[in-house]
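Chain nomenclature is as follows: A, B and C, assigned in order of appearance, with residue numbering initiated at 1 for each chain independently.
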Amino acid sequence: MNERKEVVLPGEFLAEKEGRRVGFGAYFEENKVFAKVLGIPRIDENEISVIPFAGVYIPRIGDKIIGTITSVEISGWMVDINSPYVAFLPLAEGVREFVDTSRTDISEFFDAGDTIFCTISKVTKNKTIQVSMGDMGNRKLYGGVTIGVNPNKIPRIIGKGGSMISIIKERTNCEIYTGRNGIVWLRGENKAKAIGAIKIVEKESHTTGLTEKIEKLLSE
Amino acid sequence: MGKQEIKLMVDGKRLDGRLPDQLREIDMKVGVVDSADGSALVKFGNTVAIAAVRGPRELYPRYLQESDTGILRCRYNMAPFSVTDRKSPGPDRRSVEISKVMRLALEPVIFLEEFPKATIDVFVEILQADGSTRVTGINAVSLALASAGIPMRDMVIACSIGKIDDTLIVDLNGIEDNNSQADISFAFMPTKEKVTLLQMDGCLTQEEIKKLLEVAKNTCKKIYEIQKNTIKEKYR
Amino acid sequence: MAENYALDLIETGRKLDGRGLEEFRKIEIEPNIIKNAEGSARVRIGKTEVIAGVKMGLGEPFSDTPNEGILIVNAEFTPLASPDFESGPPGENAIELARIVDRGIRESKCIKLNELCIEPEKKVWSIFIDIHIINHDGNLIDAAALAGSVAVLNAKIPKLDGEKIIRGESERQLPVQYKPVTVTVCKVMDKFLLDPTLEDESIIEAKLSVAVRDDDKVCALQKQGREEMSIEDLEKMIGIAVEKSREMRKLVG
C-alpha cells in the first residue's frame, strides 16, 4: 500500500494507470491518472483514487443514508437526502404489506418531517434518485436529533470496522446512526458530548492518534 | 480610457519600484467565507479579491436546468469603495462582460457533466482595485472551487501582462492599466498548458503578442506554485 | 447531428453551404443609409444584417482626458433579429459585442478624439456608435465591427452655432485616421474556420476575435467559447485574422 499523505490539487499527476482502476476523485487521460479533487491521494496495486477534503454528497447505489420526508405523494414520498438531488421513496419500497391507496392515507406510514435510515436503491444517469426501506437495519428514527457533517468525513467518524463510532456510542451511552450522506442521528442524554466528539473527528480527521484523543475526551 | 503623458518607467524600474517581469506581493488565503462551500481571498499588491463558491446545488427556476449536465454561473462585482471615485453599486457593463469571460475561463476545467440539473455558483467581489482585478478574481475562484471539493481537470491560473513605455511588463497595477500601450488578461491551465481566457486592449505587433504570451505562461506557472503552497499549508 | 456535421466539415473542408473553411459569405456594405444619423452603415454578411448609427452630441470630457472627445459604443440584440433574442436591456452577449467593437475603434486610435474638443475641460463632442442587429445568421461581431468602422468613416460632425447643434448641416468629417477591421477566427477540431453561419456556430466552442489596424497591428483580442486552446493555436489564429483583415479593409472604403 502506497499512501501519500501529501495533499494534491485538481490536475496534479498521480501515477501511470498500468491497468489499475481509477476510483473516486481521479481521472485518466491516455495512460496517466490525475487528481480531480483537492484531497489525499490513495495509490495501491489495484486502484488510484483521491480522498476529498470537501464536496457535497452525490448519491451512489448501496449507500446507507439518513433522510427526511419532505412531502407525501400519491404513491410514495419525497425525501431530502442532503444532496443537490432529492430522492423518492416509492410506496412498495417503504411498506412491506399491500396498501390500498384509495382507502389508506399513506402518511400514516411516513409523514413529512419523519427521519428515516434508508438505502439508495436507484441512481439514473440524470441523477433521479430512489431510496428503499427494504434492507436490514433500515428504519424510521424516532425522537433524537440530526446533525450535518462533511460527508467525506463519515468513513473516519465510523472508523475501521466501526471502531471510532463504537467508542463514542459506548462512552456516551447514545444511540447513533451515521448516514453516508453526512447526516448523523443521535438519541440519548449525553448526545451533546457525542456531538462534540464527532465534530472533533470531522475537523481532525487527517491526524493520527485521533482514537486515543477521543477516548481520553470521553472518559473525562 | 485616460492616456496622459506619464512616464511609467524610470531607470529601468516601474513607478512602484518593480522590474518589468516582477510580480507584486501576492497573498492567498483559503476558507474566508464561512457560509460558502469554498472560498478564498487573493491579493496582488493592493488589488484584493474575495471569491465564494456555492454548490453544486439544485438549480431553480427549473427551466434553466440542463438534464444531462450542470451549469456554472459567475458574478463578478466591484464594491463601491474599491476604487478612487466611488462606483455605483450593482452590475455595470464592464462587470457583465467580465462575469461572462470569467465563466468561460472556468467552464473548461469543471466536470459539469457529473452534476446534471444542478448549478455551481461563483461569486467574486473586488474589495480593492489597483489593476488586474479580473485575473486576481480568477486566482481566488480557482482556490475557492478546489476547497469546495468541486471536481476539476486542472486549476485555472491568471495574470496580466502588457506594454508600458515600450517595455513588456507583468502584473499591471492601476496606473499602469490605465496608461498602458497594451494590456492582456490571460488565464491558463497549468498542467495541461491550455488557455481559457485571453483579452487584449492596446496596439501590439504579432511578435510582441508572441513574446507576451510566453511570459504570461511562465508567470502563471509561478503563481501556480504559490497556490499549491497556500493549499498545502492550509491542509497539512 | 452536431458531431456528424463537425466531422463532415473537417473531411470535406467545406461548410454546410458549400463554402471553404476560410471563405466569407457575400459582404454588402451601404454607407449613409440612416438620414437622421451623423454617420451610418448597413452591413450584410450572407443573411446576417447589422446597422450601425453614429450620433453626436455635446458633453463634458472625462477629468483625465480634458481635451478629448468621448466615445461610447452600444449594441442592441433586437428581438426581431432572432428567436433567441429577448426584449429588455442588453444581455451579456450584446454587452460583450459592444465592448469588442469599442476596443477595435478606440485602441486603434481610429477616431482622432483630441480633435473633438470645443472648449478644453468644459465641452467636447460625444460620439455614440449604436449597433443594431437586424438579422442574426452568425458572425455578428465581424459584421458589427465592420458596420461601426464604415459608419465612423462616413460620419460628419454637425455644425455648431454657439450652443446649438444644427443637425443636417456639417462643416467637417469626423477626423478618422485608421480603418480597424475585426475578424473572428474559429476552431473546429484541428481546423480553422471563418465566418460561420448560425448553424455553423452551434458546433463551435473555440473562437478568437481579433481587431486589426491598417499597419497590421493588433488592437484587440477576445477569446470566446468554452473550449480551452493552446498558445500555438491562438498565435496561428491571430495570423489568419491579420491576413484576412487586409482583404476586408478594402471594403471599408
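Annotations for the structure displayed:
We adopt the following convention: contacts are C-beta pairs under 8 Å (C-beta built on N, C-alpha and C of every residue); 3 or more make two chains touch, one makes a residue touch a chain.
Quick caveat: nothing in here was measured; it's all calculated off a predicted structure.
Among the chains in view, B has its Cα centre nearest the centre of the complete protein Cα set. Set against the Cα centre of chain B, the chain with the most distant centre is A. Put simply, the C-alpha centre of chain A and that of chain B have 35 angstrom between them.
Distance between chain B and chain C, defined via averaged C-alpha coordinates, is recorded as 26 Å. For the pair chain A and chain C, the distance between C-alpha centroids works out to 54 Å.
Listed for chain B are residues 109, 189, 192, each touching two or more other chains. Considering their complex, residues 37-38, 55-58, 67-68, 109, 111, 114-118, 146-155, 189-192, 227-228, 231-232, 235-236 of chain B touch chain A.
Those residues of chain B whose C-beta lies close enough to touch chain C in the complex are 1-4, 93-94, 96-97, 99-101, 104, 107-109, 178, 184, 189, 192-206, 209-210, 213-214, 217. Interface residues of chain A facing chain B in the complex, by the touch rule stated above, are 6-7, 9-13, 25, 27, 34, 36-39, 52-56, 58, 84-86, 125-127, 152, 206.
For chain C in complex with chain B, the residues that touch the partner chain are 62, 64-65, 90, 92-93, 95-96, 98-99, 103, 106-109, 208, 213, 216-231, 234-235, 238-239, 242.
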